[in-house]
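Reviewing the structure listed below.
In order of appearance the chains are A, B, C and D, and numbering begins at 1 in each one.
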Amino acid sequence: MGKVASMRDAVAALVHDGDVVAIEGFTHLICFAAGHEIIRQRKRDLALARLTPDLIYDQMVAAGTARKLVFSWLGNPGVGGLHAIRRRVEDADPAPLELEEYSHFGMVGRYTAGASNLPFFPLRSYFETDLPKVNPLIRPVRSPFGDETVYAVPPLKPDVTVVHAQRADANGNTQMWGLLGCQKEAAFAAERVIVVVETLVDEAVIRADPNRTVIPGLIVDAVVVEPWGAHPSYVQGAYDRDNRFYRDWEAISRDAASTAAWLDEWVYGVGGRAEYMEKLGTERAAELRPSGSAPSGSVDYGLYE
Amino acid sequence: MGKVASMRDAVAALVHDGDVVAIEGFTHLICFAAGHEIIRQRKRDLALARLTPDLIYDQMVAAGTARKLVFSWLGNPGVGGLHAIRRRVEDADPAPLELEEYSHFGMVGRYTAGASNLPFFPLRSYFETDLPKVNPLIRPVRSPFGDETVYAVPPLKPDVTVVHAQRADANGNTQMWGLLGCQKEAAFAAERVIVVVETLVDEAVIRADPNRTVIPGLIVDAVVVEPWGAHPSYVQGAYDRDNRFYRDWEAISRDAASTAAWLDEWVYGVGGRAEYMEKLGTERAAELRPSGSAPSGSVDYGLYE
Amino acid sequence: MSEPRRDVPAAGGSTPAATGAAPSGFTRSEMMIVAAARELAGQRVCFVGVGLPNIAVNLARLTVAPELELVYESGAFGAKPARLPLSIGDPTIVTGATAAVSMFELFSFYLQGGLVDVGFLGAAQIDRFGNINSTVIGDYEHPKTRLPGSGGACEIAINARQVFVIMRQSKRSFVDRIDFRTSPGNLGGAESAARTRREEGWLGSGPSVVVTDLGIYHFDEAGEMRLDSIHPGATLEQIRDTMGWQPKVADPLPTTPEPSAEELRLIREELDPDGAYTK
Amino acid sequence: MSEPRRDVPAAGGSTPAATGAAPSGFTRSEMMIVAAARELAGQRVCFVGVGLPNIAVNLARLTVAPELELVYESGAFGAKPARLPLSIGDPTIVTGATAAVSMFELFSFYLQGGLVDVGFLGAAQIDRFGNINSTVIGDYEHPKTRLPGSGGACEIAINARQVFVIMRQSKRSFVDRIDFRTSPGNLGGAESAARTRREEGWLGSGPSVVVTDLGIYHFDEAGEMRLDSIHPGATLEQIRDTMGWQPKVADPLPTTPEPSAEELRLIREELDPDGAYTK
């Protein structure tokens, strides 16, 4: 079965204490299942990289897996804050948390430089802001053409990048659709790549549409088949964002004890994603299904024999 | 009909003497039809940019449209040379031709910088080669992180970029599949964009598969519907490369007189692409059709109402 | 994400001035949306998060700016949402869009490439020159309140041709001096800002309008916010009580025309039928 | 494009030494392909143009290197061509491939990102240190012959982990001093090349093998080409007559094992049934 592995085995083999870990996905395809397995395996001292830490990093920080965040926007979008993270940042409760902060484009540029083996990525941002003052890794670079100076960010090369997707084959050739975020860049930048998919497909499905492939098996170390692995975020065409959970988290996470209780029940208390979904209930899952299908239609690559 | 125009009108309105023109497409989707119309309209003093000038720029140079080439590989791939260009470069016959020369990645970087409004694009190439010695626009740039020096190329912002594609809607939202080259970057970098398609489709076809869109209508000035507009290059799924013509060009182009005769017959002698294809004959066209279809299959974006 | 977190009901209590309906049967949020939508007349491409800016932009498309095109910060372009998007990455903005692109493409080619006419920013703090803080309250290393941070805001401020700010007024948010400059506005004044933008190669010309629950501000020749219109029902006293500096005030000071019946109908029946953002 | 133009029949006449069949019923081109394929044992990812390298790589997949993965310079990855591709961008390499990517992605993430183990280069001129010219014969500004130029060759030479060169020998092409350095090899020698690569952050360790119609060369400790194997039927005299310098020769000098019946069958029946490249 090529690179197919269980989530437990993939995380045990590929995520190590102290690693720089990126579970990417901009609002879409956020792999909560991998985050929860990292919590269950009590990984420690991780540096967590993500544009938007979102609930998954709030949970991972609450569970004590992280020493550091590398990020650009820290919040529960449309709802409120990330309170476990805020407690550590504002009150060092229960311990300080190191922050390394960029803008969205800065993070995208960092992954791109990492993926491209470039020593830096130039961008027109940060002018006259306080960000370079608090992050010494945002530095001016002078163009060799004319007099212009722009800013540069350094490459970000995660030890592990986790990508959730609609489908992959057993060799890790991965296709996704909908919002693409910067998963491609984060995966190419990484030392090791875990792909988590809703569906394992035959290689022929991938080969039928080579332009749909976002990540080649060449850079993938493990393929984990974990339906609903992105809940409460979503998978285009498969299920909707569970906005109720995003709202609920605001109350749960405002208090350290209720956060811990939630982790006990929903992370430590289940063996994996299948059990988590059983606990969530089929009714709630059914509500998250799209109301109908919206087919892309097929294009013709043509046979050239 | 939105931006739909005839090739004649699009070229007349959007291509001006002295322009920097990019007709892009790496081996695939090379818009010969636009090049021929530029020849027919006797545009002059163009700077022609393309990674691989290919036969189309050899023809445009032979016809006297160009003062300059900006390129990275000058040949008839697998066959031989581009003789009209070589005559001008080696013998200034009938006039010199300015060359501005990069590598493939340098050209891609130039378009990317142009599309991104960056003053330069850094890349790990050109070390210890003679290219920076003969092109002062390839310059070292020092990384602000560590001591490393890499090379940089300046942005390339064509006045006009021409892109051939399988399909677009009347607003210019353009989808292509197969080899993608650097058409996206060249289009975003350009002041004006002409999209030439095999098929004009309803907006609903585009909207069914938003990830397939390579060029948004936002940056497109004209949509020209010109089936077979890429012949003798090819369109994935629609027709094959006409390798016979690529081989024939070697003999035609070795001599200035036979080149001129060819232009008279196949470019000046026809009103446009439809007439050109009539002249080519339905039998030859039929031979270039794929031997069968290879459907991509459809994916589901899901209805979210 | 550029959406102003404070515009969302769940994000915490409203400021005092924002509470309650304006006089004539519309809410302050509705007035704010209508005022922002009208400011979009003649604009073409908006870079937008969800929430109030999304509703304002869609109202503008249906009224004063039918040609408006939306670039969502999550990478959707030309969206035709079948329902009101609940987050910036709602799948409903992707299904049926004309394009869905990567963040690299979005930030490199659309935003930095100069295709965006108007960017929207919210703020935790804004000063008279339109400089914005969305990073921290207090000291950066030891913040009193840790806010979301820039997201795309700082590059929007620099590369969108102009910036619209939508936020409610309060002494906490309209301040004499912001604690952290996340997104540059007119810096210390129009002249130095223009010079800096030119020298540093910004595409943007900075903030052009601030729409609040009480009025509409533009920026004068000095680059400073000036109250150019006051919403019906609001008073100059309320304005001054909810700002950390004495604002410049246009003379004469017009009252913002009330939302029309059609504008209200569009908001209530089509754009936000559940009142999620406009209550 | 990295394909060696001179390997293609239509590109002009063969050099004298390359003419005619080798003794035992196989052509010099076939010997060259087989020798190159065998050199690929143990390699994983090849960056490849069409023509001879394409056939050599595919022969290697069917024999010594079943795990070999092909990255085509045109952006196709994991191709399963239904016919012999006639150009580097033949549609048959796209239909059924596992990925088709943009040039940006190909050059940034695959090549410069360090995923390519072996890059193939052809050359108009090569010197004893494996430095390559594919740009001009004569002076750059006033060339005697204008050649294609770099294409991707200079970045392949720098970023592929190692470089294989396949070309026919002649006095015109194996020269003491190349007219233009398009792709760096071992510069002036192994020691300085290693230092330069380290200091400049190259991923590649330079050329590792040159396979010609007469023999196989590797690079010795000094970074200089050394004849390590001579093809059956070729003589040292022929070798020396087709090089612009006196080559180092391994002692003892083995003869390249002849193509096996199976290797010849694969070439003739599966990889190049029309003999387009191997006549």
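Here is the rule we go by: contacts are C-beta pairs under 8 Å (C-beta built on N, C-alpha and C of every residue); 3 or more make two chains touch, one makes a residue touch a chain.
Since the model is a prediction, treat every value here as computed from it, not as a measurement.
**Student:** Once you count every C-beta pair in contact for both, which comes out on top, A-D or B-D?
**Tutor:** By number of C-beta pairs in contact, B-D is the larger.
**Student:** Mind checking the centre-to-centre distance between subunit C and subunit D? Centres are C-alpha means, answer in whole Å.
**Tutor:** Measuring from centre to centre gives 59 Å for this pair.
**Student:** Rounded to the nearest whole Å, what is the centre-to-centre distance of subunit B and subunit C, using the mean of the C-alpha atoms as each centre?
**Tutor:** Spacing between the chain centres: roughly 41 Å.
**Student:** Mind checking the centre-to-centre distance between subunit B and subunit D? Centres are C-alpha means, answer in whole Å.
**Tutor:** From the centre of subunit B to the centre of subunit D is 28 Å.
**Student:** Touching at least two other chains at once: which residues of subunit A meet that condition?
**Tutor:** 112, 117-119, 123-124, 148, 150, 177-178, 180, 184-185, 208, 211, 236-237, 240, 290, 294, 301-305
**Student:** Where does subunit D touch two or more other chains at once, residue-wise?
**Tutor:** 76, 90-91, 94-96, 100-101, 108, 112, 159, 201, 203
**Student:** Counting only chain pairs that touch, give me the topology of the graph as line, ring, star, complete or other.
**Tutor:** other
**Student:** Got a list of which chains touch which?
**Tutor:** Pairs of chains that touch one another: A-B, A-C, A-D, B-C, B-D.
**Student:** Mind listing the subunit D positions that touch subunit A in their complex?
**Tutor:** Touch list, subunit D to subunit A: 45, 69, 76-78, 80, 82-83, 90-92, 94-101, 105, 108-109, 112-115, 159, 201, 203.
**Student:** Would you mind writing out the residues of subunit A in touch with subunit D in their complex?
**Tutor:** Interface residues on subunit A, with respect to subunit D: 112, 115-119, 169, 171, 173, 184-185, 188, 203, 206-208, 210-211, 213, 216-219, 301-305.
**Student:** Quick one: which bits of subunit B touch subunit D in the complex? Just the residue numbers, please.
**Tutor:** Residues of subunit B touching subunit D: 26-28, 51-52, 71-75, 77-81, 85-86, 89-90, 101-105, 108, 112, 123-131, 134, 148-150, 177-182, 184-185, 234, 236-237, 240-241, 243, 246-247, 250, 290, 294.
**Student:** Which residues of subunit B touch subunit A once you look at their complex with the stated criterion?
**Tutor:** 117-124, 137, 139-141, 143-146, 148, 150, 152, 154, 166, 175, 177-178, 180, 205, 208-209, 211-212, 236-238, 240, 290-305
**Student:** What residues of subunit C sit close enough to touch subunit A in their complex?
**Tutor:** Spelled out, the residues of subunit C in touch with subunit A are 1, 3, 5, 8, 10-12, 50-51, 73-76, 86-91, 94-96, 100-104, 107-108, 111-112, 135, 140-141, 143-155, 158-159, 180-184, 187, 196, 200-203.
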